[in-house]
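Look for chain A in each of the two complexes below; its partner is chain B in the first and chain C in the second.
Moving on, here comes the complex of A and B:
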């Protein structure tokens, strides 16, 4: 395989993978397929596809200006390719945007519902108009292919006549939206990091777009010459290099002048943001400027490619930084620090691959360059011989077609097959099971921590209409404005008896206090009654509170840590009632808080009994 | 203009407002997903109660007097009503999420898990109030301690000032009175718990205002893009003028050059002819 068809095979494979991944984006929505969050709603698709893409396509207007306005005819060899790149670039932007928008089928709303205050509205309109302009600029290349068709020839002639006005309008529109992409972020003074946030952001965006346009045209020229084994134009390359140096220096002066003027230079060496900044600056300015201006290597094609590519990378990185990565909220919340997901990168790569393939198509079939590349392999050199171990698929052209579609289909199929819908759908959901109430049927409570315990039967107490909430949660009665936590400072730490925090937090069960507590009653004396509501409420979720045939077969220590005391207080409260009616107890006046003082035997007896009856697997033992 | 005053010192953190809001606005129970911020707001939670030491702070849309979300939405899906509530029209939205990026308080949330996602945020119960179903937002209505109350903005600011004067425990600042051009949801708090979550700026960078070229904290967000948006027509026309001018000059020069060349050529030819002759 020669270079170009190798490149094409890779692009077709990427396109196949992206196609399969792209489908998941529309089936499952943005949340599970991207790393976008409520904290960073804009990510790679906006930063790279849209902002990077628009800037990458800036080559179109820059070269058009040099060529047509400033009359540098010698740049002509690349002007068509630059305009084609811009045209395809903007289409890629639009396609990328369709993936990013939540409701892409509503994109036409921008034409109907107007909000001229919005920078995005302006960008949208400019891009739409400019896309049409680019189409007009490029149309002659397509039309001239059929000079014998009268109508087409007429249109061609007309377009040639209005060429200069079209180019000028194109430049005007480009100026606007290249800079307005920067204005988008003026609305985020509290989010965009101060190294990047500046009132002259639109100007910076415009200048860097020109830099990017120049370096991108270099990259594209060098890459296609390499792939099609074509000679570079040394004059063109040199002009681009020189203009790039000038523009990069202007950009550097603007960037650093602005940073120092605002006093943001104090932040240049602190924190994550500064690392991002210096990476960006090295790629954008340091590497290309060194390579472009060092004698000796600045004539070498490979070095030029490195320099130009580094410049492209740096400015795209700038767009990504401004677009979301260098936002204060993103940097501060390290837990959700945004980096693009596999899906996002794949789809962007797919969009770019598609654009590049179309670019190749035009290069091979239209006069984008002065002459079409001659691909030696496309010619049938000799009549193919049939051999037993080689299948003849047709001429090289046909073979290539078959090969590429094969690659596409296989890549698509394999990717599609390996995507698991349920995994994607459940991404980011913690399994929140309703925890089993761990009390079991019978609890053995060592209230006064003397090694002897009394048994406590859940079932029995339930039958006496005593509510779960009586023991498992309390509040300070008769108090309206004190936060529950003021007494129950342990409420938000995890207690074994009842995880209050989990029940109330929105990341857990998400219940309000008054799901269980009656807010009216909690004002007055009826407080204890108020949590009677809780009985049914607990059981709503904890259906298996009263373990019927559970298989707890281990002895475990379930100590009721933070609520132990509260619960013992409650035992006393209830048993006091019995005390009043039971004549023996009335006489003995026992210390109810120390149940096991008297009920020592209880422990031995009950536990033995339960063991004997093999009931212990239904109970929880507290040693 | 209607507003909500939340007195942080009175909130007991019962989250009744959260549940009431969910009920009134038919919000889903929701599951904790990884794209949610730690502040409890999500497309299913339009208000949340944050705990900070021993204080609870309710978070919701501030209903700015000059909302950033309204000014940046390219299709005008968000707009401020006469009552002061900032509401959302999902039929217009195209899901660009610019509003989420631009809101200084980070309020609008997205239905990330849906293939047809919409923006969600507190709308001050505007629909229900306008329809006469309720006469005040569900959250203020249910609050057991009147920590959050509803009323005319002027009255509430007066009330807030009265409270600050009457009790030394209060911090002498009404959050939302002037921030980002003023908001309809205002807060007062005690001296021990200054609120910093109100803006990312003071919160995250911890630097005094007006440094590094940041705009004033009281400047409204629409103001920040105004200059850039205003210079759009002049920039557009200016660029056109420059390009046309440049083209004209360059062409003229080329013509002159060409004429010179032609003249030279003619001369040369003549000379040659003369020479030949």
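Moving on, here comes the complex of A and C:
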């Protein structure tokens, strides 16, 4: 296999793994598939996919500025590739964000429900607009493929005319949101570690984005040159290297100047944070600056790649640190340290792989690499030519398609098999058990465990001549006035009021299947249903189960409602009538949509004070 | 044994099932893409669409085969009917599906008697197919080794499933039979998209592409010359 086929195979395999993992994330949700917690709600996806992705795509506006604003025409050969990288980078940001959002289908809300006070609102709009601008900047490359179509040619000519205004708007928007991503963290002065937290965070983000833009364009150019066996333009590479040195020095001055000015330099050699900081600084500044400025090795392509890649890695690490890892509650020893889970890393890798594959597609099918001579003397010799009819680099499109799709399918299948549904489900939300309460006069029901309870006075309800069966609508075998919690055992989850397996097991009741199910029916849902109504069937063995004057007369399923649902169903039915006459409540909130209308902090009994005390059986705190 | 059974029911099933579904989708995608692209390379792009349609859909219902070898065609059709209907509409399979994904064809599943009948039909017709293939000289000449193996392999889960459903036996015996049933079915799943059995989805496309391809001019030698960078040079 040639280089590019090998690279593509690996990317397709990653995409296959990410595909299977992505399905798991959408089926089981964020809580169980990621290591994110309330402590660290923003992790790898925000730090890498969004903040890193936006910064990684900064090459687009940096090269556009060098090319069109500062008028350095000799950088032209890489401008199209840089804009394509930026365009795909922003699309990857949007796709990565969809995985991180709890309700991804609400992503359009930002456009309609405005919140002008939020930095994220500004970032969201900026990214959206800049993505459109990037599309317009890159559109000529696509349109020029079909010069014979009149409409496309017209649009192409129009876009060429407004090229400079588009570039200017693009640079403005980039300046705005690259820095706004930093402003976002100005809102958390006590959460972000003092080495990273600074009032000039927006400026630092903007400058580092330019550094990252330059180094990323180098990485992208060198990598594609290697893969497609194309010569790199020495002039372009040299210009990039020199600009990168200048920008990295400015960044270093800003970063350390700010730290010393604020007096955070005392923290530079203490604790976990300092290790993170020095790792980041050595990747961002020390390694690239040494490689870029040492004579001899700064002309070698392999060393240049190492330097540029180290710079990219360092600045992405900075985004990760600011985004979540260097938050005080994360690096404090008491809290658990956040490290991204397998799911998070694979999905990010998958999104990047997808973007890279689309990048290759554009390179092979459109004129991304222009053949303009870089300057008078140096001409680039070998830009590979791609043609759909010709055999390219040993493998045809057909064989590639077969090969890559095979890798994708196998990677997807293996990952899908190795993700065990049961272990994921076991990691799920803990069931909230209802505390057993019996014999008290007053129940204090504090379902959310937040101190706001609703009280239920048993004697008071009895004195209103309410039938016992209204609430104690069913008894456990051999019991009288069974409490609510016995069947409605989960606060928010369904309970099992029948225990099917116990009835059928020989260790339990040892009943034959055909006592309840129809022997003649062996197919369809007909067999699952029982032959008689549950009420008649249960009564054959349990005489006292069904209470007289019970307010519930339908016994359709053996699953019981959650405690919260059961209580709501029971209480609201009666109290609805009272509410209609309650003028205060009616005036305030005629409907029951607001929990606090009923669940107000009870003035007679403060739950928090009562917790932990023995109450001589007068009232029972539930749960 | 129990661990092996759990493994076969869990991860191995997910692996083979996912590969089967995705692999079949891949096959259809590749067939469509290659078929569409093939037209680009053709010098004569006129295609007798009516003829192609007739050829494509004619092979789905193999009525023409009755003219030449009626008995073989009949057995083959019976085999395919049993093969497709029994596993999909079996009540026990529906129950497993219903538990796993809360969706199944339970309400239109087969009754026990008809399922047993169809299973027997599949087993007998499958074995008959192999015998008939071996008995005729022409088809024996045309057959490859795998053509004999696949029908026999397909029959294995039917036999073991039939034993599980009907024979009264010890738990260990049952477990062994069900293990054979699951593993053989999974083997079929995983080789399905990579072998001849992929004709279950590829049949219309292969006919379509074949019918189109007659119109093409062979360009293979030219491509080889270009690949070797020997354009215009004597070979």
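Note that in this section the second predicted complex is superposed on the first by the 399 of 623 C-alpha atoms of A that agree within 3 Å, B and C clash if a C-alpha of one lies under 4 Å from a C-alpha of the other, contacts with A are read in each partner's own complex, and residues count from 1 in each chain.
Throughout what follows, a contact is a pair of C-beta atoms (placed from the backbone, for glycine too) under 8 Å apart; a residue touches a chain by one contact, two chains touch by 3 or more.
None of these values were measured; they are calculated from a predicted model.
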| item | value |
| --- | --- |
| Touched partner set for A:20, first chain B, second chain C, both or neither | second |
| Which superposed partner A:151 touches (first chain B, second chain C, both, neither) | neither |
| Residues of chain A touched, compared between chain B and chain C (which is higher) | B |
| First (chain B), second (chain C), both or neither touched by A:418 | second |
| Which of chain B and chain C A:120 touches, first, second, both or neither | first |
| Partner chain(s) touched by A:71 [first = chain B, second = chain C, both, neither] | first |
| First (chain B), second (chain C), both or neither touched by A:405 | second |
| Contacting residues of chain A [partner chain C, same complex] | 20, 388-391, 394, 396-398, 401-402, 405-406, 408-410, 412-414, 416-418, 420, 522-525 |
| Contact set on chain A toward chain B in their complex | 26-32, 36-39, 41-42, 65, 68-71, 100-104, 106-107, 109-110, 112-122, 124, 164, 168-169, 171-173, 175-176, 179-180, 182-184, 186-191, 194, 197-199, 202, 261-264, 266-267, 324, 328-329, 331-333, 335-336, 427-430, 432, 480-486, 492, 504, 506-508, 510-515, 517, 519 |
| Residues on chain C engaged by chain A in the complex (per definition of touch) | 10-12, 14-16, 18-19, 22-23, 26, 29-30, 33-34, 37, 40-41, 91, 106-112, 193, 223-224, 226-227 |
| Chain A partner contacts - residues on chain B that touch it in the complex | 10-16, 18-19, 29-38, 40-42, 45, 48, 51, 54, 56, 68, 71-77, 92-98, 100-102, 104, 106, 109-118, 144-145, 199-201, 204-205, 211-215, 219, 221-222, 224-225, 227-229, 232, 235-237, 239-240, 243-244, 246-247, 250-251, 254 |
